Amino acid sequence: MIKAGVMGGAGYTAGELIRILLHHPEVELKSVVSRSHEREFLTKAHPDLTGETDLKFDSDLSQDVDVVFLCSGHGKSKGLVEKGGIPDSAKIIDLSTDFRHKDSSHDFIYGLPELNREEIKKADHIANPGCFATCIQLTLLPLAHAGLLSEDVHVTAITGSTGAGQNPTETTHFSWRSNNASIYKPLTHRHLKEIKQSLRQLQNDFNNEVLFIPMRGAFTRGILAASYLSTKKSLSEITSMYQEFYTDHPFIYLSKDPVDVKQVVGTNKAFLFLQKENGKILITGVIDNLVKGASGQAVQNMNLVFGLDETTGLTLKSMAF
Amino acid sequence: MIKAGVMGGAGYTAGELIRILLHHPEVELKSVVSRSHEREFLTKAHPDLTGETDLKFDSDLSQDVDVVFLCSGHGKSKGLVEKGGIPDSAKIIDLSTDFRHKDSSHDFIYGLPELNREEIKKADHIANPGCFATCIQLTLLPLAHAGLLSEDVHVTAITGSTGAGQNPTETTHFSWRSNNASIYKPLTHRHLKEIKQSLRQLQNDFNNEVLFIPMRGAFTRGILAASYLSTKKSLSEITSMYQEFYTDHPFIYLSKDPVDVKQVVGTNKAFLFLQKENGKILITGVIDNLVKGASGQAVQNMNLVFGLDETTGLTLKSMAF
Amino acid sequence: MIKAGVMGGAGYTAGELIRILLHHPEVELKSVVSRSHEREFLTKAHPDLTGETDLKFDSDLSQDVDVVFLCSGHGKSKGLVEKGGIPDSAKIIDLSTDFRHKDSSHDFIYGLPELNREEIKKADHIANPGCFATCIQLTLLPLAHAGLLSEDVHVTAITGSTGAGQNPTETTHFSWRSNNASIYKPLTHRHLKEIKQSLRQLQNDFNNEVLFIPMRGAFTRGILAASYLSTKKSLSEITSMYQEFYTDHPFIYLSKDPVDVKQVVGTNKAFLFLQKENGKILITGVIDNLVKGASGQAVQNMNLVFGLDETTGLTLKSMAF
Amino acid sequence: MIKAGVMGGAGYTAGELIRILLHHPEVELKSVVSRSHEREFLTKAHPDLTGETDLKFDSDLSQDVDVVFLCSGHGKSKGLVEKGGIPDSAKIIDLSTDFRHKDSSHDFIYGLPELNREEIKKADHIANPGCFATCIQLTLLPLAHAGLLSEDVHVTAITGSTGAGQNPTETTHFSWRSNNASIYKPLTHRHLKEIKQSLRQLQNDFNNEVLFIPMRGAFTRGILAASYLSTKKSLSEITSMYQEFYTDHPFIYLSKDPVDVKQVVGTNKAFLFLQKENGKILITGVIDNLVKGASGQAVQNMNLVFGLDETTGLTLKSMAF
């Protein structure tokens, strides 16, 4: 059994991670740290777990762990790693943005299995991708692999409210967000940096822009991203490329029909739908931002690091409705 | 023109009040006080008002007002009245719970026009009813008037999130409230006191309970309340009583079909639907909690106090969808 | 492996059932019948299943099945059973209302495991309870068992839209139902009959009414029911009764805090919360109407019938958000 | 008083039109035609109108009308006009797509007041613009006017469900649409034709593409459109152009802060927000699809045709929440 620890255990991504780890056949959840909830039952912060665990939040991480998931939020993981409370022998999977950009100051591998599976298997430290970044990259990786990103890429995408985390804010107030729509950080979203880094990894002459308009949706879970650019390839040629690229990636499916967010909510799957209209290839992708976009992908990375089948503990029932 | 002031001007009920007052043909909005937003434009707190007003929030109330609406929230109105910043000549309409219960310490009239219209016309100080209280009373007043509340009354009701105000909380977080349902303060809601006070005003031997289960709905605006008790009267007898009781009350309508919240959202109307099943009379009422349940009713009271037609400025388009 | 068949396979409860059966470790899904979709892939009607099954809908049920689930809807199961397309040796689990009421014309056992577990284990034919009926009974069974239902019981409950099925109607039109609230069939809901039947099974002198106000909620999945009546027992006495009654029922949990629907959505769990206020005991229960209220409970019944652990294939991740 | 008739009176746009016309100080609603509801009260189809009108649906249009609004839906208006039931003297305002594209076969003026106000004033026949088309054009007209559309324009937009009309469909089923997101008709939406027609009217060398990704939102009312393209002009130069272009258009406002749909829901306003990022000008616009995107704009056009102030009957309270 893999002994797992979680830091920042009271938030949304930690909650989802704990839900998955508690049912994972090869994992024993040893220690969940939350300063704000220390000594309380996990079920106080995550009441849906009632009946599934009697654990209490720790104030400090148990040293008897094989893997530690960092869920404390952007800007805090670096401090946690440097402070030294994590056993040297433990693998680290960080869900924040802190180590996603390659850099001589750290040895974290960017944890998108569909891009870096072999490196992940050998890694000690994993930087789990951003939710928008995951979905957008999945729509574009095969094109980058084929060197077909020859002009700016345009991306329309929408996210559920859980992407904004647990702290209540103006834009996650129900009275505001319900029955509403808005955009934010258009053309400047911070996930662009990791997206471009990955595209250049596959197509190193990629020097165009990714023009990304993120929307806030009136829903809780899920991301949809629609990416388009010009291409001379036919739809069937491109479809073949996508099929081949993702052929042994167990969570990525090409759909024959248009996709919607709820088809994958609750699961670690990504569905992709390809269209060609007026010379543009348009790829629509959907994921659950908390699962494939965060905690499910973190477990997928853990599975790879520990030599397990990539899907272990991740055959989850979709919600559909 | 009636010169109006608003205190606590940045919150939800104040926003809705300002929306109505700006279009009211007999009102000039003179002064909107908000300590948290002083010197900012009203449109900063209420961006939908862009193009309708150039007013800025005041830090202190203008003394050139004929009427002042207190929207600072429960527990704060008493202090505002005592502190002495309100001109003696100004009428006061308080939207909080502070003066709703009759009491020798104050002279506020309970501002439910369907109960107290004549007293309101002569009043200087009005205590505007609570939102749940308004809706539930409207379902029961004719029965109390006829002395028919001879046993416990059971009330199921549900409210939109705006009833919980602007401060973000756990139960108004979109990620929690969306697609969810819950109950709160069952059998102990604080509006019960004003409801019973009104029922006893009409039927002074009423000594039974009002058993009230309030729900939080996954919607923003509106209240639905369904009240039932046993009766030997026929449905048509009771329907006649309701028609007669509300005959000259311009905002109350008896519906021939079952009602839903969105039929009245955006308006100052209340719709009532009567049924009799297995010896029980069941009355379902719907209102917009921010309009008939708060700011619209406050304007209705103002109209009465200043001798205007009760509906002035209150013929509002419903949303329907 | 248990070979399973599903009739009426394109609807909501069938979809949820298939989602569960495909991951069930002891089940092989052999045949899914849908006249409207015959020869199409299951994924055409249930696109979220992409990647999980290559089955197509059958026009007639395979005879090589050990259990058949009837999901064709109320009023159709009797015909299916009489028509004779189901192998005699196959167990039948009916999700409609057709066989829920005890009656000399049939031998179906009412499939609420928390009431009838031992009978279910020996049954060939199971009538799966209604969704509201499941939730409401779970709030009341221990009281009936203790003979404490000594007066009318009042029930406020709210349901998600999936309870109304797949055919689009006025009340499931998004433009109408979103951001709305309404009640329907107050005091006359058809689940009352099966509820009373069960209460009398435990407390055979129960002759009072169950006064039930059902609401349509602006959410998709889940039911909340709050039941109350007078009692002289203390809260702790009643809590003990509930703990004892449900002690070996693996899906029923008493919560220490108020409950909401999303705590159980996606799972087969029911959470109950007990309060005592002003002499009334109030029990709030929450379930997922499609899981514990339908397809999950059907699988729970199948597990019992085939001698499996009751929770096999039903340790599902909750959605929480 | 202007005597008004409405054909296709039971649908969403007709309902919204009737709501506005009943409160319009210069209009008498004479005749509302609906074949499906003939002789029923208007309140049967539009229950929110209870208390506002005693009209019944006509089977044939009254001939005593000065203006007729055609709300029967796309493809039906041509037949209604040709069939000859509309008095020759009556002005016609068509809310369908049938006459939006200029064409020698008809004399309808494209009824976007911000583009064609003077022509509308003189017109007998008006083709009311599409909802997406209205919002997208408002984001782009000043740029076209200045000849600055020198490359492809990219548009991300999202619509509420009421845009899909009253007939329940798969994509307007609450169980599907709630808490969901999807795109439809990407790059091929039929409103592109009228959008390009208008852009060419102002900038006749415009030969680039409008690349438009429409989304279905989990909300009922409203449209948000975000349009971008490269420009060398500064943000302040472009802001000045927009201010000048819309200076005497009473429903169009430039917002100082990012906009969201609910700021304008319930009103005939459009809010625009301008940003410049990385060499791209991005203009976000929001409207209520049923008001400025349909029935409110139809009344705005009627006001112009009959020489009234453009805002008559259109100073509507926003919903905000």
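Here are a few things to note about the model shown:
Per-chain numbering from 1; labels A, B, C and D assigned in written order.
In this text, contacts are C-beta pairs under 8 Å (C-beta built on N, C-alpha and C of every residue); 3 or more make two chains touch, one makes a residue touch a chain.
Nothing here was measured: the structure is a model prediction, and the numbers come from that model.
Relative to chain B, the most remote chain by averaged C-alpha coordinates is A.
Simply put, of C-D and B-D, more C-beta pairs touch at B-D.
Chain C has its Cα centroid 39 Å from the Cα centroid of chain B. Mean C-alpha positions place chain B and chain D at a centre distance of 34 Å.
Per-chain Cα centroids separate chain C from chain D by 46 Å.
Residue positions of chain C with contacts to 2 or more other chains are 12, 160, 162, 175-176, 178-179, 218-221, 259, 262, 265, 321.
Taken together, the touching pairs cover every possible pairing of the chains. Of all the residues in chain B, the ones that touch chain C in their complex are 154, 156, 158, 160, 175-176, 178-184, 186-188, 209, 211, 213, 215, 217-222, 224, 226, 228, 258-262, 265, 275, 277-278, 280, 282, 284, 321. Put simply, chain B touches chain A in their complex at residues 12, 160-162, 164, 166, 168-170, 172-179, 218-220. Chain contact summary for the complex, chain C toward chain A: residues 12, 15-16, 19-20, 23, 46-51, 162, 178-179, 220-221, 253, 255, 257, 259, 262-267, 269, 271, 290, 315-321.
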